[in-house]
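Read through the structure below, which is laid out as structure tokens, and then see the notes.
A, B, C and D label the chains in the order they appear, each numbered from 1.
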Amino acid sequence: MSRLNIELPGLNLKNPIMPASGCFGFGREYSQFYDLSKLGAIMIKATTVEPRFGNLTPRVAETSSGMLNAIGLQNPGLDKVVSNELPWLSQYDVPIIANVAGSIEEDYIEVAAQISKVPNVHALELNISCPNVKTGGIAFGTIPEVAKQLTRKVKEVSEVPVYVKLSPNVTNIVEMAKAVEAGGADGLTMINTLVGMRLDLKTGKPILANRTGGLSGPAIKPVALRMIYEVSQAVNIPIIGMGGIESAEDVIEFFYAGASAVAVGTANFVDPFVCPAIIDELPSLLDQLGYEHISECRGRSWQEHGQLANHRA
Amino acid sequence: MIKKELCKIISQEEIANDIFQLTVSADFVNEINAPGQFVHIKVGKGLDPLLRRPISISSVDKRNSQFTMIYRKEGKGTTLLAEKGPGMLLDILGPLGNGFPVNEVKPEETALLVGGGIGVPPLYELSKQLTSKGVKVIHVLGFQTESAVFYEKEFLEYGNTYIATVDGSYGKKGFVTDIIKELEFDCLYTCGPTPMLKAIEKQYSHKKVFLSLEERMGCGVGACFACVCKTSNELEDVSYKKVCSDGPVFRAGEVLI
Amino acid sequence: MSRLNIELPGLNLKNPIMPASGCFGFGREYSQFYDLSKLGAIMIKATTVEPRFGNLTPRVAETSSGMLNAIGLQNPGLDKVVSNELPWLSQYDVPIIANVAGSIEEDYIEVAAQISKVPNVHALELNISCPNVKTGGIAFGTIPEVAKQLTRKVKEVSEVPVYVKLSPNVTNIVEMAKAVEAGGADGLTMINTLVGMRLDLKTGKPILANRTGGLSGPAIKPVALRMIYEVSQAVNIPIIGMGGIESAEDVIEFFYAGASAVAVGTANFVDPFVCPAIIDELPSLLDQLGYEHISECRGRSWQEHGQLANHRA
Amino acid sequence: MIKKELCKIISQEEIANDIFQLTVSADFVNEINAPGQFVHIKVGKGLDPLLRRPISISSVDKRNSQFTMIYRKEGKGTTLLAEKGPGMLLDILGPLGNGFPVNEVKPEETALLVGGGIGVPPLYELSKQLTSKGVKVIHVLGFQTESAVFYEKEFLEYGNTYIATVDGSYGKKGFVTDIIKELEFDCLYTCGPTPMLKAIEKQYSHKKVFLSLEERMGCGVGACFACVCKTSNELEDVSYKKVCSDGPVFRAGEVLI
């Protein structure tokens, strides 16, 4: 009946729209604006074993059609997330995807083991791609073999399916994707931010205290689409796509490229209602384009017309 | 409740060099609960600029469902904002944050309001509310230079008003901190550049002081952790505060600035 | 006397502003708008041994604050460039930087040997980073050892200094930069375009006939700045920076990051007068910021204040 | 000479469903030398959208230094353009390209002008210029549906005008190619969707035909190689043409479409 429901490993999504990790906290703030049960899922802020304060401020800088952030994985730590945030979120009928981060392998494993036991956590998102932490993080996301090992170890302890979040800051994204697939990943989420920088005109110094930061927003959409296009043809696991999405049209474009669901990050800051607005707009956009179900859009950019199960009439 | 509303511009005027006073009508004025709260403005319709801009509420007219802001034309966003005229619609998110606590000072007591540059505007509504409660207010306002001075007359209506300019072209030459040394007060409220806030905090560590902080923001509602500051007590349960949702006003000593 | 002149290997620039390769043809079109002698230099369109038609159309697609192109190195070929285009350009008092491209090593070597003999060619720009050609091109730009070898061989035959144009589509830009420096490069130009894609909402297919294309324009500026920031601290050769520049402020930001000169690409399409406009605006911007000469801005983001020869008074 | 000019909007009007007629004043009208030339418009001041939009000149009023364009509201750029009103300024680059050669047909001869949808506008100025030379003109204009039809009356002033709509809601049902089969002419000028141009080129390979092409553009002035098409004669010295600077009008057979 629904035209938007999507089944993915561990995730029974009423619609394929979810806020991206780090752009929605643990949901509390946006619950002031609308009923979180409306969302397909929620990707919560990265969680580490210990609480983290993150980087010094300024932590954000604007760029043309984008923004840089260098939050540095600030979060209240595993215990608090498990004891406060997730129970609070359980009042909503929405699956949670827990973003798991760390500096060393053991960190990831511990967070994954614990957080995957929480009932409303339906999947993990392994954050091997945060550009804003100095140790560990970034290397996991750029060396295929390291990413594969980490995925395997996390899979061993996780009680729910594991999605691996890929960094776009690599020469060969397909190689990375295949490595984590070989490591047992149930799905991919992509893309994380591109490493970027802005300088202050008056001082000549970096605007961000961390100097560099992660570029997100519409500026990176073409890069995200290209990577999803390449990866979706090379792996057999689903992709949750993200990078600059701000409209229902963008969602369809990501599906065409090969995504099976999408996440919305930066756009929440511009319009706190962007996720429900997109969800509401999708059915009429599907009508306009002649699709019965959103899944018909998936991979159209590379599928032969014959290959499509439900081809547009 | 925070609302997102398309607000109609009632008036916009350049009241000093590059300083604009902007009045809009908004249903959410009823939600404004303290002076010092701010709003987050989407300056253009498209993607340029992308992010909203935080601007303080400088005065509220609940009867007419209007509020006023005063801002300096700085970069891209405020330059575009300055081009808007009456009748145009602005996408505003607000009211945001926690403002100045007016009940921290009793009637007949004296409140010292210290503003620097573009930190002056939120003090205006504060002054209105304090005086209407019977509090005695003194204003000390610092500006770069004569052409940047605004609202002296407006503040004078509510209490003594001292002006300092960095170059001495108007009022007293120097910084607000030079002037306030000589004043007596029960509670100090301040908003302005960080060095000024630091100096005041240091000078009056024994006094009741409330500071309004500024930080670069992403969401403006507490979700993105862009605008945090450390709390002074590292042992506390949560060792940080968010300027956008816990602040922008903090009690001196509560956070590290 | 001038506040904008810059000396770089082979290049005596009256100002550090030049149109980027591929965004200015061979200068003829823009000579309708202003006197090309006003420019610091001109980076001409990539030249290959044989004439190339390039990719099918559509070859461009717009993105948020950017554009994708997949021209495919269309050019009239070495002979025509040497016999028609360069002699025509010699009427202007402006050094030419010849962009050298190819599919195999021999191509690069042949173009470099021939074109570097032309009197108004003062430097070569080795294009090892074009994302829009199927063979060769991209690999040269992503494997350090290959890039180094190519640089070395081109250096052997070139009669003028050789700048190597780096691709941003790599995991480690510093490694690439160091490799070509070790190969003998006299300078670097960076960045070329990021690989991206757009899909057509109605058909679901890629907008570009080539499917993917190179992302340029303001959207990529933060990535360019970050890479220049990293590379300028790691190498001892100068960088001509590019990627989204459209104003005098942008130029200063690139200098702060570590560039010694800059190129303007996409912005020429938006405003054909952008280069002379920037050149005219720079002196008053320098005044405003308190610099005597634009070179004082170089590397301010990472230099200790003490290190600067001409520190702002 | 190509100029870049801030042109004042004189009028803008929706003349059919999503079809807008826009008149601007521009000093560069004197530089317009043939019907079928186009301009490149920067729709907004900021970066969104980034690129200029190519739009044909549909009629020229040299006396008043004005020219008119007719465009369909399609995507982001034209939607923004449609929101502009009289008095506003538009950054326009033009005139660009080579238009229809009016001297290819002699007085008393018959020119057939075939337009499809948004390819119709440039034919209007062409018709004016041909008739003023004493050429007999016949217009065949194709549209999707009745609500998309525009300028029938205007074209009628200059000559016989046949209208076809794809759905038959107005004029003859079908394509322009069905209508032109029955018409006699000495020279054919056409502008419209590629399939239409292809059909016409095929049908009249023995006749004198001029086609106006469309292609996605970067620079609009011949510098970026975005808009090339192959020439028919692969042996020619240069085996490609640029739609923006060599075209948009080509003689049938000159380029591969």
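Observations on the structure shown:
FYI, contacts are C-beta pairs under 8 Å (C-beta built on N, C-alpha and C of every residue); 3 or more make two chains touch, one makes a residue touch a chain.
If you're wondering where the values come from, they're calculated on a predicted model, not measured in any experiment.
Interface comparison, C-D versus A-D: the higher count of C-beta contacts falls to C-D.
Each chain gets one centre point, the mean of its Cα atoms, and the points for subunit B and subunit D are 55 Å apart. Taking the mean of the C-alpha atoms as each chain's centre, subunit A and subunit C sit 34 Å apart.
Centre to centre, using the average C-alpha position, subunit C and subunit D are separated by 36 Å.
For this pair, subunit A with subunit D, the centres built from the Cα atoms lie 46 Å apart. For subunit D, residues touching at least two other chains, in rising order: 47-49.
Residues of subunit A in contact with two or more other chains: 63-66, 217-218.
Chain-to-chain contact here is organised exhaustively, every possible pair of chains being in touch.
Looking at the complex, you find that subunit B touches subunit A at residues 1-2, 4, 42, 47-52, 93, 215-230, 238-240, 245.
Within the complex, the subunit A residues that touch subunit C are 63-66, 68, 142, 169-172, 194-199, 201-202, 204-206, 211-212, 215, 217-223, 225-226, 229, 244, 249, 252-253, 256-257, 289, 297, 300-301. Interface residues of subunit A, counted against subunit D in their complex, comprise 64-65.
The part of subunit B that touches subunit C in the complex is made up of residues 47-48.
The part of subunit A that touches subunit B in the complex is made up of residues 22-25, 28-30, 32-33, 45, 51, 53-54, 57-67, 69, 71, 74, 76, 207, 217-218, 266, 268-273.
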